[in-house]
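The first chain written gets the first letter, and so on, giving A, B, C, D, E and F; residue counts start at 1 in each chain.
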Amino acid sequence: MSNTSPSPALSHIDETGKARMVDVGDKANTQRTAIAQGGVRMSAAAFRLLSAANNAKGEVLGTARIAGIMAAKRCAELIPLCHSLPLSFAGIDFITDEAACSITVRATCRSDYKTGVEMEAMTACSIAALTIYDMCKAADKGIVLEQVRLLYKSGGKSGEWRAPDA
Amino acid sequence: MSNTSPSPALSHIDETGKARMVDVGDKANTQRTAIAQGGVRMSAAAFRLLSAANNAKGEVLGTARIAGIMAAKRCAELIPLCHSLPLSFAGIDFITDEAACSITVRATCRSDYKTGVEMEAMTACSIAALTIYDMCKAADKGIVLEQVRLLYKSGGKSGEWRAPDA
Amino acid sequence: MSNTSPSPALSHIDETGKARMVDVGDKANTQRTAIAQGGVRMSAAAFRLLSAANNAKGEVLGTARIAGIMAAKRCAELIPLCHSLPLSFAGIDFITDEAACSITVRATCRSDYKTGVEMEAMTACSIAALTIYDMCKAADKGIVLEQVRLLYKSGGKSGEWRAPDA
Amino acid sequence: MSNTSPSPALSHIDETGKARMVDVGDKANTQRTAIAQGGVRMSAAAFRLLSAANNAKGEVLGTARIAGIMAAKRCAELIPLCHSLPLSFAGIDFITDEAACSITVRATCRSDYKTGVEMEAMTACSIAALTIYDMCKAADKGIVLEQVRLLYKSGGKSGEWRAPDA
Amino acid sequence: MSNTSPSPALSHIDETGKARMVDVGDKANTQRTAIAQGGVRMSAAAFRLLSAANNAKGEVLGTARIAGIMAAKRCAELIPLCHSLPLSFAGIDFITDEAACSITVRATCRSDYKTGVEMEAMTACSIAALTIYDMCKAADKGIVLEQVRLLYKSGGKSGEWRAPDA
Amino acid sequence: MSNTSPSPALSHIDETGKARMVDVGDKANTQRTAIAQGGVRMSAAAFRLLSAANNAKGEVLGTARIAGIMAAKRCAELIPLCHSLPLSFAGIDFITDEAACSITVRATCRSDYKTGVEMEAMTACSIAALTIYDMCKAADKGIVLEQVRLLYKSGGKSGEWRAPDA
């Protein structure tokens, strides 16, 4: 279940040491999934404002969800060596931890394509988290994005991968 | 030096509880700076590949720098309630910690405008870090983006702010 | 020929009531067509200027056509829950009604993909119409975009659909 | 209060009959506001789904609001001869008419700049309305965008303008 | 009239040898103009098709003009170290040389800003020329973009500059 | 090996003389390659600065490579009648000619799609060359982009094509 390719290498560096896009022309389309996760931890005061009247948390998370989904679709414009690809799905979920004053952002992307959607999920998660930061920064500029990372991927030659603790 | 506005509130939620862009029409242009920072921690094996022959690390960080700078300029396209603004500067620096197998990404943005550039710096930092992830993920899918946060801001009505430990 | 699915539902709202992108991973590629139409009605004075010397109408409609085609290609960047997809065709036609001082904008989009191109056609039609507004607004700020709607779609599981009066 | 400039002309057509961007280099910055409005009329069945459980209407309108605000910021990318400009505010409001199965979309944009923000408001209104269409089209493909038009503008040399019936 | 700054240097490389955006925070806004020019030379057969019935040349050049103007506005998204700036004007002119089967593309950009608009003019000229290539390549894949270069700039600290033969 | 289609025509002009996107709905996916090339010629003084200490040339070319690859992915946003398509590869190579003070930019694009990738290669080459111009213009505003053209294409109905002297 782990990534045990015998000779890992930096596929984005060519033999002359230059950055390159990987040529996926010979790869087959397969169903790809990737799930990325990150945390947004804020002060107790900011978290209380989020949870107060007027459904503030709903609006913040709703806006962050849309931002994350839209960012997934534009990932290849942002990450220089990523391939443009047609996503069949991008979704964002949130888990709120009141005790820790923290919101976990989870992004799921899927495609039936020649290359994986890890970057789409990682980018969607990051932009959703940044949107939460943006909408709460008036109450706490010290909000931290914690541990943005890949939880899971499947599809392609390297198959399924799961974060050790996921 | 801390953000001690007496009544913090979620400026991006209006009185009816809906998400909104803040109206900055009455604000004056002032010189704004923001510095954001985040870490990219990878496995020892991946870090060794980065440091191996062929200047791989230089290429990866050079590509990440460009990605971060370009993302700073497009921040308002990604973060729904951010204002478009003309950046006078966007820059990315890296600090490598060999012992920790970690790269610190620091993004600095400046503008002479009516609203701050915190989101530009946070977004630039995140996209640069994601680019490092992308270019190294063939060697380690478990790379983690750690502690993306604001270190410093100045300008505007709320003036200077510094992260407690910065 | 009408849309008679027995249990219509808001496919973009999930079971918990949140906005979502529809997962099209299990859908097959089929030839999709969509045609959208809208009107641009202006004052007689503005319409006369359009029809005056120098081929003004040709330039305005030529510019609007290009704007509409380009917008069709970028629909998924604008409409949050739309899928990116490769259009095989996007085209814009105009029908001028001198008596009514009105221009009908018709947008046709096609794709061989898993989801329909209604939004691409609707967006192309709207942006072409807005471009006409932009180029004529110096003569008439009261120009109205009328009745932007879908005329026809084909392809996919729901098959062919035609507006009742189309 | 009406637009009575003595010799209206198509400012976007030059003396040789070609499309052009207006040169605003000699204009002064002034506070500009524009308000645009349009309607989205759907079937009673679709409207009932919107108003059903799970806050569907809230999610649809919340998503449309974000789409409209983001489109306002990207107007100059879509409308060929529009100037890029820094918006100080973009906002979207909705008025629901249960009897008419219709939602009115109102977009307000403001800028302190050399040219007006009519196109930003018209584009924001259109994209918000198209987003409602997108999210409800599974229930009614025949939804109509009605009467997208400018209600009000102020600022600049031509000053204030109000739609005759606004 | 030539660029005789005593110690030219690569302003986009910092003291440690890394690519950087120039910080224009201390520069004053001044009226800036830049004019760039390039040629598009094609086969006689392709050029004849352009000049044939149906106003083909008018459509091709009209489309190229719009493409060039739109590219000028998006220059900072394409050229990594360029600053986003508000253009007050972008225009494209064409000069056709029947004997040489060549079209000269001239792009003019203006801004009242802290940094020059040379890149906006060079990019607009290139994208307009590429659009001509695109629309004529079915008749001649060997069309050449020749001598894209700056003809003139004014404004800013370095003042006026004119190409030696312009 | 040459493009000898018996009746060349301007495929982007329809029978009524209007610009149009070609409908590729009936074309089959085939492996497509295109290679474009252009030169960047600068003054001896500017070229010396590039070759001086601190790896300036490496940074400039590294930045230009990233700009070119990113532009290839966004070609359809820039060239009005181009189709969006998923590139399987985009790469940029440079050949430096010290004697001529010139850098040759070569762009290679590949896709398995219904239409060719000539425009992607031409656009990537142009934007990479413009990036070199941008980063060296402080030392020489008179840098010239020379002879941007297609060297080679393969795939599709028209098959292989090679520039006469390539």
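The rule is short, and it goes like this: a contact is a pair of C-beta atoms (placed from the backbone, for glycine too) under 8 Å apart; a residue touches a chain by one contact, two chains touch by 3 or more.
The chain list, named the UniProt way, goes like this: A, B, C, D, E, F = Cyclic pyranopterin monophosphate synthase.
All values derive from a computational prediction rather than experimental measurement.
By the document's definition of touch, common neighbours of subunit B and subunit C comprise A, D, E, F. If you lay the C-alpha trace of subunit D over that of subunit F, the rotation comes to 180 degrees, to the nearest 5.
Of the two chain pairs considered here, C-E and B-D, the higher C-beta contact count falls to B-D.
Centre-to-centre, using mean CA coordinates, subunit C is 16 Å away from subunit D.
Centres computed as Cα averages put subunit D at a distance of 32 Å from subunit E. Multi-chain contact residues, meaning those touching two or more other chains, occur in subunit B at positions 18-19, 59, 62-63, 66-67, 70, 74, 77, 80-81, 84, 86.
You'll find the chains touch as A-B, A-C, A-D, A-F, B-D, B-E, B-F, C-D, C-E, C-F, D-E, E-F.
Residues 3, 8-13, 16-19, 38, 45-46, 49-50, 53-56, 59-60, 62-63, 66-67, 70-71, 74, 77-82, 118-119, 122-123, 126-127, 130-131, 133-150, 153, 161, 163-164 of subunit B are the ones that touch subunit A when the two sit in their complex.
Across the complex, subunit B is touched by residues 18-25, 76-77, 80-81, 83-86, 113-114 of subunit E.
Within the complex, the subunit E residues that touch subunit D are 31, 62, 65-66, 69-70, 73-74, 84, 86-91, 110-112. Per the touch definition, subunit D reaches subunit A in the complex via residues 59, 62-63, 66-67, 70.
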